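Below are structures written as structure tokens.
Two complexes follow with chain A in common, the first pairing it with chain B and the second with chain C.
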Partner chain A sequence: MIPLLSLDGVSRIYRQRRGLLGRGVPLRAVDDISLSVAPGLTLGVVGESGCGKSTTGRLALGLETPDSGRVTFRGAVMPPPDGAEWRSQRRHLQLVPQDPLGALDRRLTVAAQIAEPLLIHGIGNRGEREDRLAALLNDVGLRADQAARYPHELSGGQRQRAVLARALATSPALLVCDEPVSALDVSIQAQVINMLTDLQAARGIAMIFISHDLKVVRQVSHEVAVMYLGRVVEQGDPDAIFADPLHPYARALVSAIPVPGPRRLPRIVLSGDPPNPADRPAGCAFHPRCSLATAQCRVEEPGLIARADGRRVACHRADELARASA
Partner chain B sequence: MSGTVLPARAGRSAPPALVIAALVWITMILLIAVFADQLRPFGITALDLKARLLPPLGFGGTAQHLLGTDELGRDVLSRLIVSIRISLVIAFGATAIAAVLGTTLGFLAAHFRGWVEQVVLMLIDFQASMPFLILALAVLAFFGNSLPLFVTLMGLYGWERHARIARGLAIAANAQGYAAAIRQLGARPSRIYLRHVLPNIAATLIVAATLSFPEVVLLESGLSFLGLGVQPPMTSLGNMVGYGREYLTRAPWILLAPSAVIVLTTLCVSLLGDWLRDRLDPTLS
Partner chain C sequence: MSATLVSIRDLWVSFDGHAALRGVDLDIAPGEAVGLVGESGCGKSVTWLAALGLLPVKAAVSGQVLLDGQDLRTLKPAALDAIRGRRVAMIFQDPASSLNPVHRVGRQVVEALRLHRGLDGAAARAEARRLFDLVGIPDAGRRLDAFAHELSGGQNQRVMIAMALAGEPELLVADEPTTALDATIQAQILDLLRRLQAETGMALVLISHDLGVVADLCSRVGVMYGGRIVEEAPTATLFAAPVHPYTQGLLAALPDMTGPRRRLTAIAGGVPEPWNFPPGCSFAPRCMSATSACDAALPAARDVGDGHSVACLHAHVPEPVRAVVPA
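Then we have the complex of A and B:
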């Protein structure tokens, strides 16, 4: 299938200044990543804080320009940000942010903000826009009287619904959800997630779902990419990855998912410091925290290699691990 | 003064009594400014040398000159009415110019960053480090004095405060939050800044404007006192205070009448601005 959006060898490097007179240190937030999203399907991106998940999302949306590699949407390279072409393309690519209160203008009613993308892109006349607003409110489960309120007068779940309605207003082809439910409590999380998957099924929207919550990612994703220090370390079918992760980092993540009853896999607790992206270890970036690291891991960086089952894993010992767990 | 205590929280429906009083005073001042020519009983240059330094009514004066007369026998009430008009034109005009100029430059700096921002910041630093009175003296000495020039010059006073506020808040809004979200929706910069950023930072800008309004009145008074502001025979509130100072001991009413108007008007503008700030913010109810 032709991907809707693809990232080919994309890197994003920030320069981080140290001290007042210090020289800039390159920080590879995203390092040579290749991912693609098919129409109507969901790509889950998981990893710990600072691993480059959100930057990947911003690159996919075209909010940032990659320093190397290219991002293509419907076969065309993303236009540079803030041009006329970039602005009109926004209606196809939308973001559902982590903090809905921050993303809403506190001086406008929620209804006015949900309808704003229609005004910006000149969609419909006044009556059509009102019909569209009513339909959107219905889709996300907000009542008209709730929509007439200001953002601070709504609950966290209602704000997230409002932000989602705004993102859906222009019928986008791709939705990037950057930790959309991490600020909500668990019962509301489930409601919002179910709503997202229902809307996706009904409208055929592709999604990039960024989260550190593996349970949620497993529930919504058709494909999962596990990121560590700006790189993808394991990628493939969510059932395969969550049932039998190969990369030691993915194993540690999966073993940390709380499960009812006795565990099948022992809990792996990572030792060592959390990684600093400005100071990458030599060889495999994960080796200082990996219990299985060998001399080879300390020198040679493993490539992301496709395996027989279609999964791709970046680990020198993937073959041994696969044999051991089989 | 139990009747004029400001409630702790301004109600959404009825403004507090003090704000109503401020609104009434400012309306009255505005009406006086508009109908100055009809309201004044005498011409501002009409001399009555036989009735020089006449005290106001109730202090030994006559009903003909309600607020007394000055050293040349000119009616203080008439001069006060015309002064209100001139000073209001200068103060409101200058404050509006400063607010628009400053906010525009601040937004430009926040939007373009880079060298545009550096130039704006340099202008701000220049403005802040230069004593404005000296600048005003130089401009007035070179270009002479006319009311439009004077208003424009006063408008250059205090713009850097608006520019700083607008730039800082716009950068903060762009970096995270609502402005970034609106940009992401595909909005043009004009929409982001005018429809979203400006209403969100209006509260702060209004407070800055109500602070600079009294300062412009005082600056105008100072320049008029130095003989560089409003020129006689024209009159302004500052001009009246300046010339009335010489008769402070013998005829204090010449100075006290315009001083009272300055104090009350600036106080009312501050009160009104404060209330408007709360009123414009839907998160305070």
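Then we have the complex of A and C:
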């Protein structure tokens, strides 16, 4: 199947200045990753802060140009930002950000903002746009009187619905959801997650769902990629990975999720903090925190290698670990 | 029932005439770990800010907060200062904003040691270093001279915990201590709190929106909604057999980590704003079992056995399971 969007060997390097007069040091926010999303399906991207998951989302949307590798949408290379071609492609690729209050204009009513993409992309005449607005509000469960309000007059859940309606206005083929429910209360989170999966089922929208919350990612994803310091360390079927993660970092991450009720996997507590992305350890970037690291891990970076069960793992000791857990 | 360290009795708080807390009763035994869970605006933080006299003056507070039988609410500021940070310490969600950015972190811990334990000079610094070691800050001697911005979020939270331990408190109130941290760092801090509690024998109140975090660390949990504790039970009981419709709804709304994926059961509607609490049960507008009686008055907490209490008129209480011995 032809993927809707694919990232092939994509890297994004920022230059980070150290000190006032310091020279810039390269920070590999995303380092040679390859991912793809099929139409109508969801790719979950998980990892801790600084792992490059949001940069991955921005690369997928074409908001950033990769320093190497390429991003293709429907088989064509993503046009560079701000050109006419890029602008017209915006309607197919939309972002749902984490903080809806920050993403909404406080001086415009919610309805005006939901309808704005239709104006920008010249979709429909006035009457059609009004019908479309009503349909969008209905899809995300907002009433017309709520949409007539300003962002600060709505609750967090209602604002997130408004941001989602705005993203859906142009009928995009792909939504990049960057921590879309992290700021919401648990009971509201469930409403928004159900709404996202319902909309996906009804409209066949593909999603890249970025989150630090593994429970939420498992709920919505058809495939999942675990990132650590700019690289994918394990990728595959969410049920397989979350039930039996293979990469030592994925294992620690899964075991660190606090669950109400009895714990299935023994808890692995990692020592130390995630290293600074500007100061990547040599070899496997995870080796300083890994209890299984060997001399090879300190010098040689493991590749992301496909395994018999279909998942891909970047660990020198993956075979041993798979045998031990079998 | 063992002796009680802190006993909160019928605590009410209102801001500008709007009730934020509506009659909270809670007992903490010495050395016990109690969790308070709930969504934003439920009053879980306000309960402890009010108990320790940390709310702004415009807050109207009534009720009793007894520490060893002495009501903190009636104490003079100087007497309260001798308790806060000494016998009862508190840590917050965002450690970086709780620390002073222009003073070295070691100096801030030394200040707490001087205030609460009368230590000075080399003795205070040695004790600060011991505390840094205790909370697992690597290279403690050098980190004493670091500024907050030079440390990671997890390390800053460790500094805050070290500072809270400076007074050798009998109770540590941790308000969302791991919410701003990454999952693997959260696991480290939870482990640290568990170890410190076991080593020092202090009681712990863990305030969190995350049921999993509370389940991990606490032996007893209170679920708050709309300014009240709606259900309270030993942790295992609460997660295995929740009785209040809100607790049941919260657990059903959480995605599972294992087993088949199911559609989440969302609770309809939204959390009520404090200026808009219904007169009766706060949860009634979202509750499937609500009747007109629920709107009439606040439901009182009733005991349903084994340290389990619930404030709901309609809660279905499971029959006590009787062991059936085959003949």
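By definition in this document, the second predicted complex is superposed on the first by the 323 of 326 C-alpha atoms of A that agree within 3 Å, B and C clash if a C-alpha of one lies under 4 Å from a C-alpha of the other, contacts with A are read in each partner's own complex, and residues count from 1 in each chain.
The rule is simple: a residue touches a chain if its C-beta (ideal position, glycine included) is under 8 Å from a C-beta of that chain, and two chains touch if they have at least 3 such contacts.
Please read all numbers here as calculations on a predicted model, not as lab measurements.
Of the two partner chains, neither chain B nor chain C is touched by A:P26. In the overlay built on the shared chain, the residue A:L95 is in contact with chain B alone; chain C does not reach it. In the superposition on chain A, A:I120 contacts chain B only, with no contact to chain C.
Residue contacts after overlaying the shared chain place A:D273 against chain C, while chain B stays out of touching range. When the two complexes are overlaid on their common chain A, residue A:G303 makes contact with neither chain B nor chain C.
Contacts of A:V216 after superposition on the shared chain: chain C is touched, whereas chain B is not. In the superposed model, A:L104 makes contact with chain B only, not with chain C. Shared-chain residue A:L63: touches chain B; no touch with chain C.
No residue of chain A contacts both chain B in one complex and chain C in the other.
Those residues of chain A that touch chain C in the complex are listed here as 48-49, 155-158, 185-191, 193-194, 197, 212, 214-216, 218-219, 239, 242-243, 252-261, 264, 267, 269-274.
Remark: chain B residues 176-178, 180-188, 191, 196, 199-200, 280-283 touch chain A in the complex. The residues of chain A lying in touch with chain B in their complex are 61, 63, 82, 86-91, 94-95, 97, 102-108, 116-117, 120-121, 150, 152, 166.
Those residues of chain C whose C-beta lies close enough to touch chain A in the complex are 39-40, 138, 152, 154-155, 182-188, 190-191, 209-216, 239-240, 249-251, 253-258, 261, 263-268, 270-271.
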